[in-house]
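Okay, so chain A shows up in both of these, paired with chain B first and chain C after.
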Partner chain A sequence: MDYAIDIKEQEALVRMSGRLTFNDHAKLRALIKEMSQNAVKRQILDLASLEFVDSAGIGMLLIAREELSNLDKQFILRKAGGQVKRVLTVAQLGKLITIEE
Partner chain B sequence: MAPPPAVALHSLGFPAERLADLAAAAHLPLWRSETDGINGRADPLSSRVLVLLGHAWEDQLAGTWTHPYTAWIEVAALADHSILELIQRAVETSLYISFTTITANRRDLAGELLSVIGQRRTLSHDSRDNMELALHEALSNAVLHGNLQLESLSGLSVEALERFSNDLTGRITDPDFANRRIDVICNLDVDAVIIDVVDQGKGFFLKPKTEPLASGRGFDLIGVSCQSFQLLDGGRRLSMRFPV
Partner chain C sequence: MVFAWSRKKAEAVGQGSVVTSVRLEPEAPSAVDPSDFDYTLLGQWIGFADLQRHTMEVLRGEIERTSELVEDSTLDLSRRFRELAETAREQTHRVDEIVAMARFVEIDGAKVPLDELVTNMQEIIGEMIANIVNLSMKAMSMVYLLDDVQKDVTELEKSISDIDGINRQTNFLALNATIEASRAGEAGRTFAVVANEVRNLSKTTSALAQRMRDKITAVVNGVRQGHDILRTIANTDMSPQMLAKERVDKTMDSLVDQTNHFKDVLEGTAASSGELSTVIGRMVTGMQFQDLTKQRLEHVADSMTVMSGGLEDLVSRTRAVIPAHVEIPFPQEWIDQLLGRYTLTEMRQRFVRRLLLEGTALDEHGILDLSNEPTQSSSGGDVELF
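Let's turn to the complex of A and B:
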């Protein structure tokens, strides 16, 4: 998995690509730290280029949501497609995290 | 000219003399080369080559995820009698992988096996995605919670994730855990692909979920990705069936 962060006035846009699995735990920890420390309230994760996510990836997204919520920040998932969209649906992640098209 | 062997033994990074002894004990011929052993003499689909992986084989492995290879056995510290048991299992199975935990944890075995299945069965895009996800989840469970005996993440925090990562590093560097075996037994039937993932852990029972934890979704994903699944041998063997 790779990511790039674009911080604007009102929101931070994180574009994630590749495969998100447990092997990415160190990168996810680094990403959560960056999202926690930047100055904006809305953290948007753009999943359009993410090709694959597994249950561990879902778990790590929930950790990101919890950590950001503790800092009174919003965490939004956006543009999931294909396998990623299906896994988010099966895991009923929409009940826990805001998911936008 | 004699017909090519139906099943033959091959190796990567393995001593030639020991390979010859194992082949003799298993009553299998040695595979020579694609031109010498198969092409021009028979349909490659009818020949099956089992590969023993000895030392420094990982760079060459990618070239074997194709015909005529059907089994990949990492030898590691296995004694000859154990290797012969695995060879016998491989002979009886359409596609067979037996790796150590440390290797299974490092590689994308689900993607690699799916590339082989895709050469032998016509799979729709959705079927392939389903099979890869279920196999990936089954392998993750077998590695992390089976052979490495790691508890699930204990909370929704970066600290909990870090603790889990540290526990994983500790277990995967302990040979007693890292050398346990992960077996993938795949049978290609006429109307279904059946994949079993076997570990050597303490076993496992499905528990009902009570709250949205960071872990515990693997079996949900397996359940929706296959036609049916069964936990066998006290949870050390997960058998999944996929229609084709």
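Let's turn to the complex of A and C:
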């Protein structure tokens, strides 16, 4: 998995690509730290280029949501497709995290 | 004579009422001189009237036979139709039972509606997935925590090493102090005791550091092993199991759809069977035409009996008044015509048999091949025989 952060005035846009699996746990922790420390309130994770997510990946997204929520920051998942979208749907992640098309 | 007969025949055929309307007054022949009167026509009439009478009897028999046949067949048909209606009703009942069962599944003796069952199962799977998601999150939190613990433990190991370094230095200083104290002689004696105590303290500290290192090493090993196990757990991808819900949902939906389809089809079948019973009921009612037919045919047969009686009466009265020498011709051509029309062999035979019982020669037609039939003793001329 790779990611790139684009911090704008109102929001931070994170473009994630590749496969998000357990092996990326250190990288994701670094990302959570970056999202926690930047100044903007809205943290948007663009999943359009993400091909695959495993159950550990789902767990890590929930950790990100929890940590950002503790900092009173918004966490939004956007443009999920394919397997990622299916897993998000089946896991009913929409109940916990804002999911946008 | 043949020509005259044909002409009269044509007249009789053309006007059905000619023969039956003939009314011969018994006094009539006495009013005419027998020598002047041509009795040929009356003779022919008697021959024809006899044939007509026999034909009517045969036809009456045929009508009765037909009526019986229709009655028997109708009763048989009605019975079969009633059976059919009963079968259709049973079928409706059975199909209704299946329709009632189709929507339910029996679980531990309790009837559970299929859609409720599907919803329950989907909820169970939903909960399972929620648990997987929750566990994944907890496992990852744990992984992060143990990552931190490992860092802390590494630092702890480093601290113990630092203690060892300090201890070595202390021990070295104490040793130097002891040497310096022995050089000072009596004056350094007290100082030598202190230096010795410092060395002992250093040894004790070293032993403590060693015990700490041992314990820390055990903790570090435990944490590392736990971390590895946790990684293995967290690294087990459960997303295929989560996605299995999609397939289960589809299967369940198909199952419900299919059951509903079956139910619709079966309900259609039950409705058709119901209609079938109704239609068959109407058909059985429709069979009552046979009663009316029977009554009408009885009327026809009765009328023929009356007509036949009238003819017989007229023939005997005519015979009484014509001279004995008058020939009563056999109406061969009429018989030929009649037999020519009977295409049913069975009916033809009955007709011929009836005529033969009256002793008429008919064998020339070659239509009767019955050995025990009464023999034709004389040919056409015998009035009594025909």
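Please note the rule applied: the second predicted complex is superposed on the first by the 101 of 101 C-alpha atoms of A that agree within 3 Å, B and C clash if a C-alpha of one lies under 4 Å from a C-alpha of the other, contacts with A are read in each partner's own complex, and residues count from 1 in each chain.
Going forward, contacts are C-beta pairs under 8 Å (C-beta built on N, C-alpha and C of every residue); 3 or more make two chains touch, one makes a residue touch a chain.
Just so you know, these numbers come straight off a predicted model, no measurement behind them.
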Where does A:S55 make contact in the superposed view: on chain B (first), on chain C (second), on both, or on neither?
both
Chain B versus chain C as contact partner of A:H25, first or second or both or neither:
both
Pick one for A:V87: touches chain B only (first), chain C only (second), both, or neither.
both
Touch test for A:I63: chain B only (first), chain C only (second), both, or neither?
both
Identify the overlap between the chain B-contacting and the chain C-contacting residues of chain A.
21-22, 25-26, 29, 54-56, 58-60, 62-63, 66, 83, 86-87, 90-91
Chain C residues touching chain A in their complex are 126, 129-130, 132-133, 135-141, 143-144, 147, 231, 234-239, 242-243, 245-246
Can you list the residues on chain A that touch chain B in the complex?
21-22, 25-26, 28-29, 32-33, 52, 54-56, 58-60, 62-63, 66-67, 82-83, 86-87, 90-91, 95-96
For the complex, give me every residue of chain A touching chain C.
21-23, 25-26, 29, 53-56, 58-60, 62-63, 66, 83, 86-87, 90-93
If you look only at chain B, which of its residues touch chain A in the complex?
129, 132-133, 136-137, 140, 144, 153, 156-158, 160-162, 164-165, 212-218, 220-221, 224
